[in-house]
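One structure, as structure tokens, below. Some questions next.
Order of writing sets the chain letters: A, B, C and D. Residues in each chain are counted from 1.
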């Protein structure tokens, strides 16, 4: 089956009285920093703030360096299957930095940049991807959800969290990140629909990295944009350049603040690209040409942000070298700590099954663990 | 204290829980003004408002998923699926999330949710309105499965399920909703989960059942008594995890076990009870274990539903076979 | 929770270069016959054809009379729970009459008018609603699906059927009817999305009768129209007056013929109203005011079609009386036949479980049935 | 005839079926150019084209549902779910439609579909990639559940499943995909469904297993043989409906039964086997039935998956207990 263009034949002759237009929609695209790192239009105030922009850039860089190390650990048998976030740092840091601690984040498995910004330690990330549940008992905001491996499923939790905020009249927002592939799941649609009709404080960030494992974006849906999926729920949808850290943070900020002030949910489609294999268990050369990847590197969010900093005369080669060295050191320290973790005990399989283990499971615990 | 039906006892328990604990919210399709298709939530919206009694769009997946989000945020959602046959779009959320969130997060987030739904055949409804698939949930780690069989037990077990800090599937046999009335004191007292209820003591044979089939099982015990056979009747009530100790103790006494359930036979919860007794109580047995269940067919439409469900006669015959086994 | 208006705050200042429009959509509404039975604009050719219009009207009338009898049978314990289709005859007859026999129909439980048009006998309908599976082994086109009780689930089958047509290069169309409530299900969304991206010959008729049991349309979704749900799938969506038999048939016709000729899928939202209780097990007075129903009767599709026929001088009072008498007779004959049906045997529970009953089920069949 | 792995045998069976029957189509996520995440469909798209090997959007519900539509239209879809843990959004379609369409339509429409998916733990994958929930499907009327445990059985059982006129859940233990090689003749011959395979004959104890656990079960039998205990090993293969006759005949001979499965214990398929033997073969038993299974916990992440899965040692000990039972 191949992807198909939209059937424009649907449009009928409007000169007839028998037909009238009852609804109209427009989908906008937002970009402040182009691929070369130059400004497009007037950026938001924070983009003029040196410290803010440098802190965003630092986090993006730390994520990238962590990511490379995690892949290396997996290759040497020291980590489980790992999904690289390389190339997606701008959108991750963008929406995470637009949140406050009291907000709740619900993400996929590829949102290490956002998790790092939210305070999950690098050691905890390694522990989780090393196959130890304790990595999800993390230092980030304690109400943030563990990573959702089931595509789209966390969107439904996000509307529950948002409903809780609304019922308690709390000015908090539930922020859900999910992939282009996830937009094909009923979970996503049912969730945005509910968020729309209940006008919930929820923001859905669709990380359109063009691939869902081997399926390219155009085989996922005939919709021209993923932002327009919002129309089905009667809520605003916006497409942004997801490799532009300014657009990523600004669009997230607008949506989150609108949600916080009672304005309801938003879908943001962030255009980016999955630079690596789907996970370390994948071999993308089976289904995509290397040229596509090299072309995508030209849109690299890190290089773009760096150019902007340099253009503003906020950043030097020396700063860059120092940053990289500092990130490496941090990552190495985390790895050392990770490798020293005492493995979980088999008994822990029973420890968090229920708050109190029922008698018949006590019997099993004894049977299985002895004693 | 008036005599009330099981469905009225459920409404009473819901109202009591909502009254006592502001974290309790009710959500589902048509639970508001309509009071649920069986009226189990009748009057709750008028009494507790639209914020605590939420009519949801027709989307079972997000209904389950949002319950998880609410629960993780400290609410105690009581979520109604309109019929057990409509619960499957939510199974992913129940199995993969509700039952796992505590374990996944090492206790940081939990899911104190009650997923309620009507179950079972016998009310002459269309397809998908007659299911008994409690076994699917009983096989799932991290969740409880509770099935009441009388107004008083419905009241007490529902209160305890709502108070429980972990997810509970609470299945209500439609055939019993209005089948009998009983005095139920609205005292806010829960009945214990994870234990069986011995409804009738006996010495010759143990009849183990739950849900709607308890009705026929009790009737069979009476019939057997008339014949001089003393049957002990156990209502499992918490169908997962099962209180095997009570069942084993009874079989040790009687030496004979008949398990009765309305669900299909193959890999039903009855199989687990039989298997456990065959492991831990083999030497108690004086006769083969009998299972009286529905066959492994699709629940038929109404013309045949009676032929499908286990009958009092089937139970009596199985008990007789067990008792007469040489 | 109450329904919420759409968050228009999403619209941002387009004077900035940083934002541009990347997609635009319009949703049209179609009507040829207004509530009073007068023409709006130029109708399609078939509306000028006396025989066609009379045959449509006859089928609508037969459906209405059958429906009343079915309710009466249920009330007297001779039928199981029954869902009335009163008030929805125009859209049912509309899309069914736009299909050819070789097309495949997949419907909800409330589409007796369409089933009747397709050739399912009244006796078979009664047999099914009387709780006998044999009613689904009907005389309508043999590849049409049995009624789907699970809301929205048949939409997924419809795309499978349409895929089969596409793979075999057959000029056939899969037509799926479902309710306003069904549009909130992931099944519906996943199905239209797949139909869109594979450009399948499938038409989705959304029967918006304002109610999903007790939930009114505006609490189902914040979307201004249900037709716009199509935008999320990148396919055409059209709203029509579903009580206008001409619009119902014409819009269906256009969509079906577009699908047949390779133009891909369409969503049609047909505005109608559920005149009766949800089913005979429901009591709508618990959640809706009687005034709403009386107001809806003013839009009755039957009266409207009749006025049109009368205005064209194609129909007299005498014709009407004869038609009603003929329909009653037909319905009564079907009831007599229905009541004489020998009930299914318990053995039949095993007869269609598998093509060949496996040995362990043979054992069960003996155990349960004796012999 | 080369020695091939189980995953290669599956690819070979798929290619053979597609070659022999133009109604066979393959669909699922990443089954095309990528050849499936385990390469089970490797090369099929190149060989049979995009019309017969369909990469679907990420939507398990419609993936199952469209398979039903295709099957009702006369195709023979072989539909891949990427992992067993991702199958639940499709359960509604499997339980409520695939298993019922023939019955519902009185044979007018049917669902000759094979729903394939990898199953089981042991490959160090993330959460949801290690499930063994065959019991949910085994409890569902109208569908078959087949689980191969060797390259040759994978080949033969998959061919028969595709040829079968009814829906089959075909679960492939990932741990076995590349665990061993065996000569498999690409002769297009199916192996019978609905029967157990006796892999090793013995007289002292019957070890019944399926899927990945067959590996440890065979190893345990060898270990027991070294100790002078003669174990019969039965691979159930068609996990529903079960060939009880073969199992009962074996238990009649050995008098001892150990059931081994990787799925959780409570209401697992092992329970059904134990229950049926306790009903129909009670008097054969010289010792309590033993079940060696995973505990009723969530499958742990990789650090503990070994502790979770039944081990050769567990099986040997259970068999010894049974044999030494006084």
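The criterion applied here is as follows: a residue touches a chain if its C-beta (ideal position, glycine included) is under 8 Å from a C-beta of that chain, and two chains touch if they have at least 3 such contacts.
A quick note: this is a predicted structure, and the numbers were derived from the prediction, not measured.
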{"item": "Remotest chain, subunit B as reference, centres from CA atoms", "value": "A"}
{"item": "Leading chain pair when contacts are tallied as C-beta pairs", "value": "A-C"}
{"item": "Centre-of-Cα separation between subunit D and subunit A, whole angstrom", "value": "36"}
{"item": "Rounded Å distance between subunit A and subunit C, as computed from the means of their C-alpha atoms", "value": "40"}
{"item": "Centre-to-centre distance between subunit D and subunit B (centres being mean Cα positions), rounded to whole Å", "value": "30"}
{"item": "Subunit B, residues touching no fewer than two other chains", "value": "51, 54, 57, 59, 61, 85, 89, 92, 96, 103-104, 127-128, 141-142, 241-242, 296-298"}
{"item": "Where subunit C touches two or more other chains at once, by residue number", "value": "1, 133, 150, 163, 184-187, 190, 193-194, 197, 219-221, 353, 361"}
{"item": "Residues on subunit C engaged by subunit B in the complex (per definition of touch)", "value": "1-2, 80-81, 109, 128-133, 149-152, 181-182, 184-187, 212-215, 219-221, 281-282, 286-287, 343-344, 346, 348-350, 353, 361, 364-365, 367-368"}
{"item": "Complex interface listing, subunit B residues touching subunit A", "value": "25, 51-52, 54, 56-57, 59, 61-62, 64-75, 89, 92-93, 96-97, 101-110, 141-142, 144, 165-166, 193-194, 241-245"}
{"item": "Residues of subunit C defined as touching subunit D within the complex", "value": "104, 133-134, 136-137, 142-143, 145-146, 150, 153, 155-165, 167, 174, 186-187, 190-191, 193-194, 197, 351-356, 358-361, 363"}
{"item": "Subunit D - residues contacting subunit B, complex", "value": "61, 85, 88-89, 91-92, 95-96, 99-100, 103-104, 127-128, 133, 135-136, 138-139, 141-142, 240-242, 263-264, 266-280, 282-283, 285, 287-291, 296-298"}
{"item": "Subunit C partner contacts - residues on subunit B that touch it in the complex", "value": "29-30, 32-35, 37, 50-51, 54-55, 57-61, 85-86, 89, 124-129, 265, 295-298, 300-305, 307-308"}
